[in-house]
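After this come two complexes, each holding chain A, first together with chain B and then together with chain C.
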Partner chain A sequence: MQPGALSKALKGGAIWGFIVLELIFFSIAGQFLSLSDTAFMDFDNMLLLLKQSAPIGIIAMGMTIVMVNGNIDLSVGATFAIAAIVLLDSMTWPIFAGLGDWVIPVAWLLALLAGTAFGALNGLIVWKTGVDAFIVTLGSMLGYRGIVFLFNGENPTSHLNWTLVDFAEAEFLGLATASWFLLAVTLGIWLLMTRTVHGRNAYAIGDNREAAVNAGIRVGPHMMINFAIIGFLAALSAVVFYSESGSVNPNDGQLYELWVITAVVLGGTKITGGAGSVIGTFGGVIAIQLLRKGLGHIGADTSTVNLVIGLILIAVLFLDRQLNLKGKEALRI
Partner chain B sequence: MSHVKPVLHLEDIVKTFPGVRALDGVSFSVMPGEVHALMGENGAGKSTLMKVLGGIHQPDGGAIFMGEERVVMSGPLEAKAKGIVFIHQELSLAEELSVAENIYLGELPRKSFGRVDWVTLREKTDAILKKLNVAFNARTRVGDLSIANQQMVEIARALTVDAKAVIFDEPTASLTDAEKVVLFDVIADLQREGVGITYISHRMEEIFKITDRITVLRDGQYQGTLETAETNEEAVTQLMIGRKLDLSRNPSHHELGEIALEVRGLSCGSLYEDVSFHVRSGEVVGFYGLVGAGRTEIAETLFGLRTPSHGTILLEGEDVRLNSPADAIAKGISLVPEDRKGQGLVLGMNCRDNMTLPQVDDLKAGPFVAEGAEISIFDQYRDRLDIRTPGWKQKVGNLSGGNQQKIVIGKWLSMKPSVLIVDEPTRGIDVGSKSEIHKLLRSLAAQGYAVIVISSEMPEVLHVSDRIVAMYSGRVMRTFTSEEVTEDSLIQAISGLGGDKAA
Partner chain C sequence: MVTVSRREIGSMLAKQGILIAFALFMIGFTLANAKFLSVDNVFSVVRSSAILGVMALGVTFVVISGNLDLSVGSMMSFSTIVVLDLHDKIGPALAIPAMFAMTLCLGAFIGFLVGYLRLNSLIVTLGMLSAIHGLTLTYSGGQNMDIADKEGTWFSVFGQGAILGVPTPILMFLSLAALLGLVLAKTPFGRKVYAVGGNGTAATFSGIKRARTVFTCYLISAGCVAVAGLIQASRSLGSQNTVGQGLELEVLAAVILGGASLMGGVGTIFKTVIGVLILGFIQNGLLLLGLPFYFQFVVTWIIIILAVWLDIAAKRGKLWSPIA
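So, the complex of A and B:
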């Protein structure tokens, strides 16, 4: 084994080891603490978990490529809410009245277009102004949320279309629609990041931006495309989720950006960019959902869940730093 | 060669920066199949000239010709498109990506739907790597390679495009001798294909081995072009520094005091091994070696920034452990770091605050900072070091390099150290201020400080040191006194050749 291979293997496989650990812990603890009779590692329970992971998971795939690119997007939660409103509200617009159920694909398209446009706008601002993506998307997070409230004030926007609900609740080969979307997006972004020139350039830009510029890579357009992708995925996540629920509160999607970033970081993506993988992010998403579900299973309340996840995130980053140190000769900072 | 047109010709290039005439009518041309050396001290204008050629700076006067055609370089992209390839000394690589992706960065071969054509990419890369005779392959992650191998990846980029002119900027700074041979073969191949090569280096033996002509710059001015075959090292040096080298030797010694700092068998992982030396108070010891020889790492260890894996550090005969910079400062060791602007100064703060930064904790009047005490410290060292600034309120970022360096030195002197470590004291400082800094270092030794000077410039080391420690890849090869040292023996020692033989 080459030197450093062990720590690399540890880092690469860490998230899956963590998931196994969680499964074992909750299965055993569930025997003593759970109020329900069903075992934690019940097959149906796991399928449900995959479905519940979808809203965060779909956005996390986009966040992976944005963060590998060396940026971050805090506005995904607000984009998610905007897309949800566009989806539900457009189905009631009079101009689409004659379409019958054909309004569904139209509404989907509108919602996805809105998300893509808002994402691309973030990217355009980052590209043209050179302002750090953190600041730009912090601003757009507030701004986009403002748009959500402008639309219907504090009131929820609701529209139930039963055809749509049937589609969203359908199962194919035992997996729910939302799960299929999550898997498809994961596969798509994985192909994008590992197989295409755009994906490899995104890594290069995040790793050493100056080198990328010197090599003639056009940094700005690549970043804008990635922001458009995450906008699209935030909208897709909303489309999948609200097709089923049919009602959106103006506060929906808040803190989604933090859950998504937590999942991506847990999955091993470097906050500074240049390294990270979609498969790792998938692991991160599952790990977080397991933790939320598992803690609920043994009777912990939401605040405890948040506390535990916060502690685990810090512990993981600390561990990552320790594994990355090149021995004790390294420069102290 | 009058019938052959140069591939690349720069004519009367003028470039001014606020307050500095960085290039003053410099002309430079490269024939096809020629290796043309560009020489000059640091700050002579070599890198500015190359930045003008690469389109990073626009010249204020003069013109660039490629063949017959006058061209305007709008940026690095255009230079590359016109067949000008730069091999940078500072590595410009993405560490997480594979060797193949780095070599073809920005030009990955494509299949349909924007997919990377991995097969072609690996084939092309492996063909190039085979030519370079290296021990890694296209799939290796660049971050896992040694610095020397990373440099080889950088060099491999020159072979990807149909280059007309290739500029090598100090390509051998971190290469071993075997790798140098490969590099020189690559250069010879390019030569045969009629590529014009510009070779920037400080190393005379390389220059005389592979180049056809030598152009020398000094202080942004063109000093002349020599045929390599008809000149010698002495003549080139004289053009470079404007005086004979022998005159720049350190002429005087001071009364030496006790041993202030001694290091025995110090090792730090693979960074350096078994290093022993001592410095007396009143003495200047120069550390000379190539980039990566471990000199800066030793300084960082002595300043408490790294933990040594073996060995002892003795201060005035006492065994000490240095756990942090605060520890080192308290025990009387100060470090003037290599990167003045990044590590030594807070550029946006004024002169006084920079000077008193390490001791501002102690300068208190009640809960507030004692401004009067700060100003008096600043005044004292401004006079003593002859720092030229309009006043203490001046922002340090607005001072010249020489005065900035004096602020850093003053900052550490005000901490009353016994050992002063100075890493690359005159990097990026103009020639006039250089000799002033040199004089200052000599006079500090005369006042009883023990001074360690780390430098990559031979004239500087020869000029300021009483003794010179020559290092090669983490080991002390030999220690010279200023009487016995010769350039040849020093170069041999730092190249790892016969340094332990008596000269």
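So, the complex of A and C:
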């Protein structure tokens, strides 16, 4: 074994160890505390969990590549809401009235385009102005949310299309539509990050932007593409979710950015860029959903979930730092 | 003859850009609507900005020291709920110091994690945002808090009272701003905050206790949050659990608008106050112009990006970023 391989394996596998720990804990605790008769590790329960992870999980895949790239996107929750409104509202537009159910792919396409455009706009601003991505997307989080509210005030936008609902509620090979989307997106972004030049460059830029520039990598376009990807995925998440629910409140998606970032950081992606993996993020998403579901299973309310997730996030950060120390931080203060 | 190069004019404009923008806004809105600069309107704008403003003062310290504080919103909900709950249980005279102590404990915890353990402040305060929200819900049992006897308590003086015709929240905001402005600009501690934010390693080698400085900044931030919670609780005498939700980002927007750099080492209390007032007056001015309420968010977005962009453009001497 190479030196450092153990600590590397420990860190890579940490999130999966945590998931196993959660499963064991909630299974045992559920025996004593749960009000329902079904076991926590019930197969249907786990399938449902995968489906419920989809809205956050799909966006988290995009956040992984953006954070590996050394940026961050705080506007995903607002982009999510914009795409949802475009999806539901465009189905009622008179120009599409003659399409019948063919309006569905058109509405999907429009929603995805809107998300991609808003994401790319963030990327373009970061690229051309050189303003930090944190500030740019903090601003657009307010701005995009303002656009959502300008559209329909504080009223919900609703439209139910039963063909669409049937599609969203369908199951294929035992998995719900949303789960398939989550798995497909995970696979897609994994391939993008590990098998393409764009993925390699994203890591290089996040690790050391100066060196990447000197190596001849065009940093700007790569960053913009990544922002377009996360915009697209925020829209895809909205499309998958609202196809089923059919009604969007202007506040929907608020705090999604925080949940997504929590999942990505739990999955081992560095906030400073250059390191992280899609598989780890997938683990982080599952771990958070397990925690929410498990705490609900043993009768804890939502307040406990918030408390526990916040503290776990800090604990993970602490452990990660301890594993990374290796004596190089000689400067004790 | 003194010649002034274009570069110097540019950097001078950028240095005072936020003041110039503020002046232009005020002139523009006043021309558009005569009511804009009336005493009543100015008081109402500053009063409604006071809560955000008080929080922004504390966050300015944290940002100058090179860190972030995203937990101030949920911490403000916490202190509001706590003081309202204790008001009926132990009376306002004891409730206020008790609330301050509890809020400062939270600030000390964050300060310990970021200062002494040197964890990433973005993630720590993100975690604390969620954790304190959970704490608040657990404390209140998910219920809204209300003071039983709303008429007969002197507690309302902080949010609704006035001294010599000036509303108390404005007085508290401005006097706290003056106090903290002096601390930041005129005391050795203030110099240390700039030094730690500007170059932490250099500051350490100059004998500055970096951890203690960062810790104190978070304590100041928590203290400001407690004042904001006090004003909020006293103004409404009842509150939801989520009263401060989302405020952390608006606070940060005001601080950034005031020219503080997220890299640390740059910013002043005075400019943060200007940032807060710009946000407040823009919101008010757009409403007076008859534009929809939510239009202000779009304008805020554009202003934040323009302000930061012009600032760094002046520093690098080029409008567009050199990123290929």
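We take it that the second predicted complex is superposed on the first by the 329 of 333 C-alpha atoms of A that agree within 3 Å, B and C clash if a C-alpha of one lies under 4 Å from a C-alpha of the other, contacts with A are read in each partner's own complex, and residues count from 1 in each chain.
Here is the rule we go by: a residue touches a chain if its C-beta (ideal position, glycine included) is under 8 Å from a C-beta of that chain, and two chains touch if they have at least 3 such contacts.
Because the structure is predicted, anything quoted here is derived from the model rather than measured.
Contacts of A:Val197 after superposition on the shared chain: chain B is touched, whereas chain C is not.
Of the two partner chains, both chain B and chain C are touched by A:Val213.
Put simply, more of the residues of chain A are touched by C, taking chain B and chain C as the two choices. Of the two partner chains placed around the shared chain by superposition, chain B is the only one that A:Ala275 touches, whereas chain C remains out of contact.
With both structures placed on the common chain, the touch criterion links A:Leu142 to chain C but leaves chain B unconnected. Of the residues of chain A, those at positions 213, 331 touch chain B in one of the two structures and chain C in the other. Interface residues of chain C facing chain A in the complex, by the touch rule stated above, are 113, 117-120, 122-124, 126-138, 142, 201, 204, 209-211, 245-246, 249-250, 252-253, 256, 262, 292-298, 300-302, 304-305, 308-309, 312-313, 316, 320-324.
Contact residues of chain A toward chain C in the complex are 74, 125, 127-132, 134-136, 138-147, 149-150, 153, 213, 218-220, 223, 254-255, 258, 261-262, 265, 271, 301-314, 317-318, 321, 331, 333.
Contacts from chain A toward chain B in the complex involve residues 4, 195-198, 200-201, 203-204, 207-208, 210-217, 274-275, 326-332. Across the complex, chain A is touched by residues 76-77, 80, 86, 88, 92-97, 101, 105-108, 110, 113-116, 144, 268-269, 271, 300, 304-309, 324 of chain B.
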